[in-house]
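Two complexes come next, and they have one chain in common, chain A, joined by chain B in the first and chain C in the second.
After this line comes the complex of A and B, so read on.
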């Protein structure tokens, strides 16, 4: 039966990756019955569809051939990186707890977990072997395994990750830093961590998920994040994907936003040979709001695909989206942004924009903002642009004595800064600015710029 | 300082400048007037080195150098400044940053030490006061969301900070209210000196009440068709341009 499913996707036989995934899915049972049941459901969902192929509408522009060729190893021994390597990869200067994961595994020795009042932090791995452990009711319920094969796979292999829960009415000022290190082994590794954040009523929290490789890893990170925002809560979710340009990265962020709650999502990609991110936000109650900021800054032959979807299920909900791409060399970007305004979701606002800067003639982008509106009293806008640097602006800068290369770098930086500048965590913003600058020709000038507005 | 000889230039395949001659000495102020579309901005853009403006003949010598050989940024560093007729908005590039980068690029070129943040700020604040500009403009994107008049003022602020040797002001007076006009004129006058030259492109005689030119030229059909002193501007004001063309072709 599974064979047929694979054939439907055009593969003659199961790919090396899929064969390996299926073997991993058949792994041992765990003690916690809830986890076992979730795993079984994830496994069944994955086996029903297999890996997506380009005939799947949602994967039209992202070919998984390179990924599918690799038989990723799962669950091998966890390499222990030395402190210096970890610290140079990590973003320094952030107050608050830091949880470090190596190839998906939580590593306590590298982590720093001060008690934060009003916040519960638990490593998922420690709970699943405990038959008594109570898991969040909505764990694996915000991400639909039937819709997302990679989420199904992740759920089928549910083991590692973190659960965060705020207490009602607490404002947690220091961000929670989740550092996911991908470390190469003898063969490409895969990991399937899950992050579940429960923002309780009227609480406020910032979380940073940071994905980095140590060395030129060809690993596959397949992570799922679920965000539950209860009434009046506020969550700032930062996601920085800066893995090696040889790595594979698939992620899903699934959010449910309640009454008068506000999600701020920052999704920035610099790394990976191939990255795909699905961000889906359900605005479930009146007053729910989401702001989505995105940036992909690519070079070489990198391919990054962002699929975002907002469902306005309730009246008086609001979504804004600003995704930007800077594409150099032969890189390729894909943007698909959907906003769906459901029946009776009156008086909503949905604004969506995707702009792309192509720095080379070989760079490409496929962009498709989509609006589906089934209500009549709405304020919506959407648009996409693909272009080169503004020649008039270039000349203006040069006419003030700034040389052509530097002027180009400056304009590119400014373009990306519109997104990066919204990151409130200062050390993170600095790191992102450095990453943007690193992708540009005249780095020294930009470094000077980073210093200039301080 | 600037010697333009038989300059011919085309834009988008269309010949605009048709053998233009102009001599500007240090210490002088020249006003260029002329009908819409006669080529005034084309001249300004050719002097600044804008792409797409193709020089098809003639020469421009600036301080013993072939100006046309230089890249736009090199011209700027050599002291040529163009105040744009339509200043460009550059969101995300901070006004202060642009000023500092521009100033230091020139200083470096001249072998002078770059200004540090302190010295720079002191200088800019002083010039902003001169231009009657609020300091909040420093932290905004270059011309981003500026009103028409604010953009023009910002051009002159840049000029006042950069202290060019040759400033070409393309209709800096249009769009300014009466007070702003006086302020901008004050900014320009404060720059007047024996080793600088200013070329003003304008449609209005009124500006010349504030900035008294040594010469007034009429540019028409891509050439200078008439040159006089400040009284010529008054005469143009009352008689229009038609007669200058007739006089030129006669």
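After this line comes the complex of A and C, so read on.
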């Protein structure tokens, strides 16, 4: 990665954002030696690469110019939003613990932490000043800072976030709800929270990460999530990105899946001016399995980039992926899915699909489903489509007396619903359906059809 | 894993049967590249000044470029100063007027390759413009073509006899600044073929050129230009074999196709250059730029290729679908065995309204080979109603080979319809078992399954090539059952 890649003209001067990041990285040290060492490594990795530019293959279709222009403030005072604003942003009706973060900072007053047997929850910020605190062995080891400049930045500024750990053999039925609120201040803020989830042997857990802005925030949220799935564990990971359409969002989800463990990843984007997500899953042991669902519903001038990668390191591993995009106005969707089957990883199944609906003349999609296969006893497939609604389906509905507009709305909604419908948490699914309807041109029509309350 | 029978092992170890060197004195320039070498090539060929100027521009541009590294291949760095950039058979002095005047040793070479030039030309109705090293030595059926108004000659002749056409079309599809190897080719190309089909003419026969790489250490830099005027039709066949040798040879050809309104060009390739031995020593580096420009409305360009040879193949025959309702097609079978590496695919650039493209790519990997499909389908905002269908399938034989797919899709028009499908698998054990149980030998069974796998592409090949392609496939692959 080139040092000055953020500057397309090749000028040596650093962008405003990068200068600000480098200043933040030179912040004070912390009491916990492990954290200090991790920070130093993250800082070194970020300083070696800097912000990526479009000459980096992984950023070919995502230009960070708009982001790089802003000098994001880091570590300022945390605004306290009022309860009503928080409640309207949050998804209601979910049983289980709720942790609320405001601009990355954990806010205990807004959170609700009932004791859940078999589950340990800890705020990272409370641990890093404790020299005695024991951190998970793999914290910052699942995300490679050398490969991902934003993860390096996050690691260099490691302070806030949450650690979740299940106990062996426990099944936790209520989901853990992590609500990340982005609240605008006098100048654009940035935060770098980290989520670490350790699913112990034979345990089962659902986690929802929900990113929302209050007001028209221009903040940058740069979050890294690390998922460790031990033998036989099961983790459902829901990630809903619904930030303001003026905000910036960069995320990384890095998972390591052990023997016979199963990860379900649901990744839905509705908001942000510019959003980028790197989802990387390593299937390390036989029997490991991952299912990846994704949806991006965009309008205006939004730009969302999803990069997913599955590494099949072990035989008898399985991955399926279904990402869908609905693009309206001048929005742009980018998808890059990679499935790599390593040497000697036989008896593999890897299936990948990316479908896109372009609803307007100026919308654009760039998709690249990749396969790299170094073993022979595999069943791999991938498919990508770009197009408009199926004319025969439209005709069918019209022949049944449904007018063209309603038919189009219904089919578009159904296209997205294929992903949303896999979300098992009822309140989340309802919220997502409303969000999908909201992102489509014929909002009221669809809401009528699905009977949404909004 | 099925165990290999001794016969099968024998087959895997099958040596490249076209390996031999014909000793002919070559008029060769010393290795190295600078402006003087380019001036030497140009003056040797008696070129007009515009061409020399163009070559020099290309060379100066090439000096500013670096060799691309993005392809999924690995090789030793190439020393461009160690290559001799010009080599012509000595016996060209006055230029042969007919087959009788051609150096008998050359003809012998063709015989060994199984290309009985005169016989084949008459029997199959194919005019052959054989390129031996860098200068064309035999062209047949000129008269018949001339009658139809078709120009089919070596590039040098075209420069001499039709400089206006060359000046008009050369570099308009692949400009010298296009890429590293295209720039190098533009600076130092020595010969190639030129085809011009005038308005409304359907070329009376299939045109064919056999390329051979011969004199040691001579990189081949071919330049092919095919122009099909309004409502014309031409089918062009290109086939290659090369003698066995240990040193890697660079081949950086450029092929440009221009199709005007309602014209159709069909370009078929069977490539069987020396792939290196079973330890990955030697073999040809095949870095080719091929591009067709559907300049006219309703024009059509179709690429069909069967790639079994070369140590490294790196080529992306592409179509620029500029004219409204123009059609681009790409059918490919790429076979890689032992240590071969293939990174191949196509680009379909949809610019005009109602443009359509079809991509069918079949990759077969065996031994320790790496086979990649890399393609781009780009739909520009102006391409209303554009349609693309892409299918790329990979077949794996052996647990040490690789098959990779890197398809890029960029769509900027909501009325476009783009579909991409890819699958990767090995030969089904149940299929194999079924065949064996019916009394077929393992080899025959594999052969049959592989041929079935490639059927969609072979169907697109002209008759003469389809047979050859199937045989090539058998030789390249037989026994490599996974």
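Everything that follows uses one rule, which is that the second predicted complex is superposed on the first by the 438 of 454 C-alpha atoms of A that agree within 3 Å, B and C clash if a C-alpha of one lies under 4 Å from a C-alpha of the other, contacts with A are read in each partner's own complex, and residues count from 1 in each chain.
Just so it is clear, a contact is a pair of C-beta atoms (placed from the backbone, for glycine too) under 8 Å apart; a residue touches a chain by one contact, two chains touch by 3 or more.
Note that the structure is a prediction, hence the values are computed from the model and not measured.
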Which of chain B and chain C A:346 touches, first, second, both or neither: second
First (chain B), second (chain C), both or neither touched by A:19: neither
Touched partner set for A:417, first chain B, second chain C, both or neither: first
Contacts of A:366 with chain B and chain C, given as first, second, both or neither: second
Touched partner set for A:384, first chain B, second chain C, both or neither: second
Contacts of A:216 with chain B and chain C, given as first, second, both or neither: neither
Footprint overlap on chain A, where chain B in one structure and chain C in the other make contact: none
Sites on chain A touched by chain C in the complex: 57, 343-344, 346, 356, 358-388
Interface residues, chain A side, partner chain B - complex: 390-393, 395-404, 406-407, 410-411, 413-415, 417-418, 421, 445, 448-449, 452-453
Contacting residues of chain B [partner chain A, same complex]: 48-51, 71-73, 75-77, 81-82, 84, 87-88, 90-94, 96-98, 100-102, 105-106, 109, 117, 141-142, 158, 162
Residues of chain C touching chain A in the complex: 70, 379, 381, 394, 396-426, 482
